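One chain, subunit A, appears in both complexes that follow, with subunit B as partner in the first and subunit C in the second.
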Partner chain A sequence: MSAPQLLAGPDPSRGSERRSEHVARLGPLPKGGHALIELLVRTGLTGRGGAGFPVGLKWRAVAAASHGSAVVIANGAEGEPHSRKDRLLMASRPHLILDGAMLAAASVHAKQVVLCIGEEHHAALRSMSGALAERSEHERRMVRIVAAPPRYVAGESSATVHLVDAGIATPTTTPPSPRDRGVGGAATLVQNVETLAHVAIIARTGMATDTVLITVAGGVRTPGVLEVNVGTPLGDAVQLAGGASEPVRAVLVGGYFGQWVEPSSAWSLPLDTQALRARGLSLGCGVIGLVPASRCAVCEVAGIMRYLASESSAQCGPCFFGLRALADACTRIAERGTDPGDLQRLQRWSAEVHGRGACKHPDGVVMFLQSAMKTFGDDFAHHPPHLRRSA
Partner chain B sequence: MNNSLLWYTTRGAGAVSLVLLSAVVVLGILSVLRIQSTTWPRFLTAGLHRNLALMTLVFLTLHIVTAVVDPFTHLGWLAAVLPFSSYYRTFWLGLGTIAFELMLAIVLTSLVRGLIGQAAWRMVHWLTYAAWPFAVLHGIGTGSDAGSAWLFTLQALCVIAVVVAVGYRFLTGSHDPLADARSSFQDAVDRREPR
Partner chain C sequence: MTKQYELAVDRIKCDGRGLCAEILPERIRLDSWGYPIVTPGPIPGHLLGLAQRAVDDCPVLAIALRRVEIKRQRER
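Showing the complex of A and B:
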């Protein structure tokens, strides 16, 4: 691992970095604008919230639709259950995020910046509001903090817009995309807080950053957040997290909307958005989850399916009823053993649900299930009945 | 083009449309009543309801186009869009025109439900209860098959199916689990300042 870039400086566990320390370490904030957008396009920075969309292109689109009244939402809702990287960054490097948000506002001609922070991320909320108090009066007037409810869909970009606009964190139908019509109908840039922190570095150095924040979770000795070089083999990241605590059955790459990978092919995977995409995988929000061989894979999947079904905002029938039916079928297999009819239904209903929600929640869940059934095909096909739920 | 072929198509497509439309209405009611089982969850009913509705529109289009282009009938395109403008069975054919236009409105608003919102969509969807009887009456009063035993049987079966479904809905009320789940989720993520 080479030098950290976002988490360089004082130990992140010591908490919020003061503004004086931040400026002494990195220098003053450069100017945002058209040149910065073009620099971001050239560096190829991609979003770190999950979708991995090219940042420069998004800023260009919002700047074009802005008419001088765009809104920037710095997204620190972090509703992904095992992800910790956004709250760690907010709790330790608030000024990096504020710098990035101010650069975004200047570049897309925004008058308002909203910091959307998960309401249970207490240290992050304290750190960000403390940091905001240290900024100029102009910035303090521009920026406000909105606490997001701790639900899976609350961090989806249209849901953050709906939260800021109407106070209700449910996704809305797209199009229109927030970048065309977001907060109050204005063009809105929704950008993950880690992404904004990268921008704050790139604007200062004029060069691409080459690190990524990941959260290593599950069967490792020291689970937590790491800043690793882009392209680091997944196995090296696991070693940095103390190594696997027991034999590994499978690795979930990219969080719940990511993909399951067998350990044999997982360790050599490069942690790099483009390289993973070329393999049909995704870095997503950077969660690397290890499932130990001692756990029943089908029961783990059934438990996650029940959680994801319960996180449907119940606005679309196919999502609410379809995901519940899929989770129920998985649970039946987990509890009563494999039934060929249920296996068939999982396949057929997956196809029925996909693409039928206003947001991408049902699609993400179906892809998670498809990946699980591919990786744990044998487990699903020959699952014995369990006396009680283990997940 | 063989004129009698066009006329047979008009009549056949009309009968098929009635059966499909009745099935769509029954499925819609089953969906509202959350009729479902382990092997047939409710979202499949909704999917079938949607697909059959689109298919109904296809057969209706066939029904109308073949009737209008049939040189023997001389109906003209105006009769297909303006109710009660046809020289031929003015009243009964007009009912069909109204039914078609209502169905078109119902399908189009369903396709853009995300844009117009749930409330507006729901209002228009209630028009089903006008479109379906108009369609049935149109079939009873129009065409070469009106009063024939086979068509009467078909119409009777459709009416019985829909009346039973509507009656059942009326008796059991329309408790909507989706609406319940939606409002409880919204309460959970509602961060508006209390007024």
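Showing the complex of A and C:
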């Protein structure tokens, strides 16, 4: 592992870095604008919120639609259950995020910046508001903080716009995309906080950053956030997290909207958005989850399916009813044992639900389930009943 | 070049009343929970009248005919 870039400087566990320390370490904030957008296009930086969209292209589109009144949303909702990297970054490097947000505002001609922070991320909220108080009066007037509820879909880009506009963190029908019509009808750039921190470094060095924040979770000795070089083998990251705490059944790469991978092929996977995409995988928001062999894979999957179904914002019928039906079928298999009818229903309902929500929540859940049924095919096909003896 | 139209359902507005599938079964069927699954692609000319009726008769105004255009890449 080479030197960290985002988490360079004082130990992140010491908390929020003061502005004086931040400026002494990195120098003053350079100027945003057209040249920065073109630099971001050239460096190929992609978003770290989960979708991995090219940042420069997004900024170009918002700048073109801005007419001088765009809005920037720095997205620190971090609703992914095992992800910790956004709140660690907010709690330890708030000025890096604010720098990135101000650079974005200057580049897309925005008048307002909104920091969306998960309402349960207390250290992050304290750190970001403390850091904001250290900025210039002009910046303080531009930036405000909005607390996002702890829901899985609250960080979806149209949901953050809905939250800022109406206080309701549910996705809205697109088009129009937030880029064209977001907060108050203005062109809106929604960008994950880690992405903005990368921008703050890139703007200073003129070069691409080559690290990524990941969260290693589940069956490892020291779960937590790591800053690793892009392309680091997944197994090396697991070693940095103390190694597996017991034999591993499978690795979930990219969080709940990611893919299950057998350990035999997981350890060599490069932690790199493009390289994973070429293998049909996704780094997502950077969560690497290890499921121990001592756990029943089907029961694990059923539990996650129930969670994801309950996180539907209950706006679109196919998502609300479909995900619940899928979770119920998984739970039946987990509790009562495999039923060929349920296996068929899982396939049929997956096909019916995919692509039929206003947002991509149902698509993500279906992809998660399909990957689980592929990786744990034998477990799903021959699952014994796990009847609970008492209620 | 003649104008082409496709059907678009607003998933949040849609309540699963099912009238559209009754009016235009050639292009719309219902899923296991009664919500419309629309065959993608432009509506053939001879079905445009019925498609317009499906749009007009939707009790919650959840379905629309829109000009077919090149779709921009969407993010999640």
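The working rule: the second predicted complex is superposed on the first by the 388 of 391 C-alpha atoms of A that agree within 3 Å, B and C clash if a C-alpha of one lies under 4 Å from a C-alpha of the other, contacts with A are read in each partner's own complex, and residues count from 1 in each chain.
Basically, a residue touches a chain if its C-beta (ideal position, glycine included) is under 8 Å from a C-beta of that chain, and two chains touch if they have at least 3 such contacts.
Worth saying up front: this structure is predicted, and the values here are computed from it rather than measured.
Asker: For the combined arrangement obtained by superposing on subunit A, do subunit B and subunit C clash, or do they fit?
Answerer: clash
Asker: Does subunit B (first) or subunit C (second) touch A:Trp349, or do both, or does neither?
Answerer: Both partners.
Asker: Between subunit B (first) and subunit C (second), which, if any, makes contact with A:Cys359: first, second, both or neither?
Answerer: Second partner only.
Asker: For A:Pro340, select first, second, both or neither according to whether it touches subunit B, subunit C, the two together, or no partner.
Answerer: neither
Asker: Should A:Ala314 be classified as contacting the first partner (subunit B), the second (subunit C), both, or neither?
Answerer: Touch partner of A:Ala314: subunit B, not subunit C.
Asker: According to the stated criteria, A:Ser177 is in contact with first (subunit B), second (subunit C), both, or neither; which is it?
Answerer: second
Asker: Quick check for you: in the superposed arrangement, does A:Pro384 touch first (subunit B), second (subunit C), both or neither?
Answerer: After superposition on chain A, A:Pro384 lies in contact with neither partner.
Asker: So, A:Pro149: does it touch subunit B (first), subunit C (second), both, or neither?
Answerer: So A:Pro149 only meets subunit B here.
Asker: Quick one: is A:Gly27 in contact with subunit B, with subunit C, with both, or with neither? Answer first, second, both or neither.
Answerer: Neither partner.
Asker: Tell me the contact category for A:Gly167 with respect to subunit B and subunit C: first, second, both or neither.
Answerer: After superposition on chain A, A:Gly167 lies in contact with subunit B alone.
Asker: Quick one: which of 42-50, 132-140, 150-158 or 168-176 on subunit B sits on top of subunit C after the fit?
Answerer: So the stretch of subunit B colliding with subunit C after superposition is 42-50.
Asker: On subunit A, what residues does subunit B touch that subunit C touches as well?
Answerer: 173, 315, 317-318, 321-322, 325, 349, 352-353, 356, 358
Asker: Which subunit A residues qualify as touching subunit C in the complex?
Answerer: Listed in rising order, the residues are 47, 50-51, 53, 58, 156-157, 172-174, 177, 315-319, 321-322, 325, 348-349, 352-353, 356-360, 364.
Asker: Name, in rising order, each residue of subunit B that touches subunit A in their complex.
Answerer: 31, 36, 38-39, 41-44, 46-47, 114-115, 178, 181-182, 184-186, 188-193
Asker: Would you mind writing out the residues of subunit C in touch with subunit A in their complex?
Answerer: 10-16, 31-35, 37, 72, 74-76
Asker: Could you pull out which subunit A residues touch subunit B in their complex?
Answerer: Of all residues in subunit A, those touching subunit B are 146-149, 151, 154, 163, 166-170, 173, 312-315, 317-318, 320-322, 324-325, 328, 341, 345, 349, 352-353, 356, 358.
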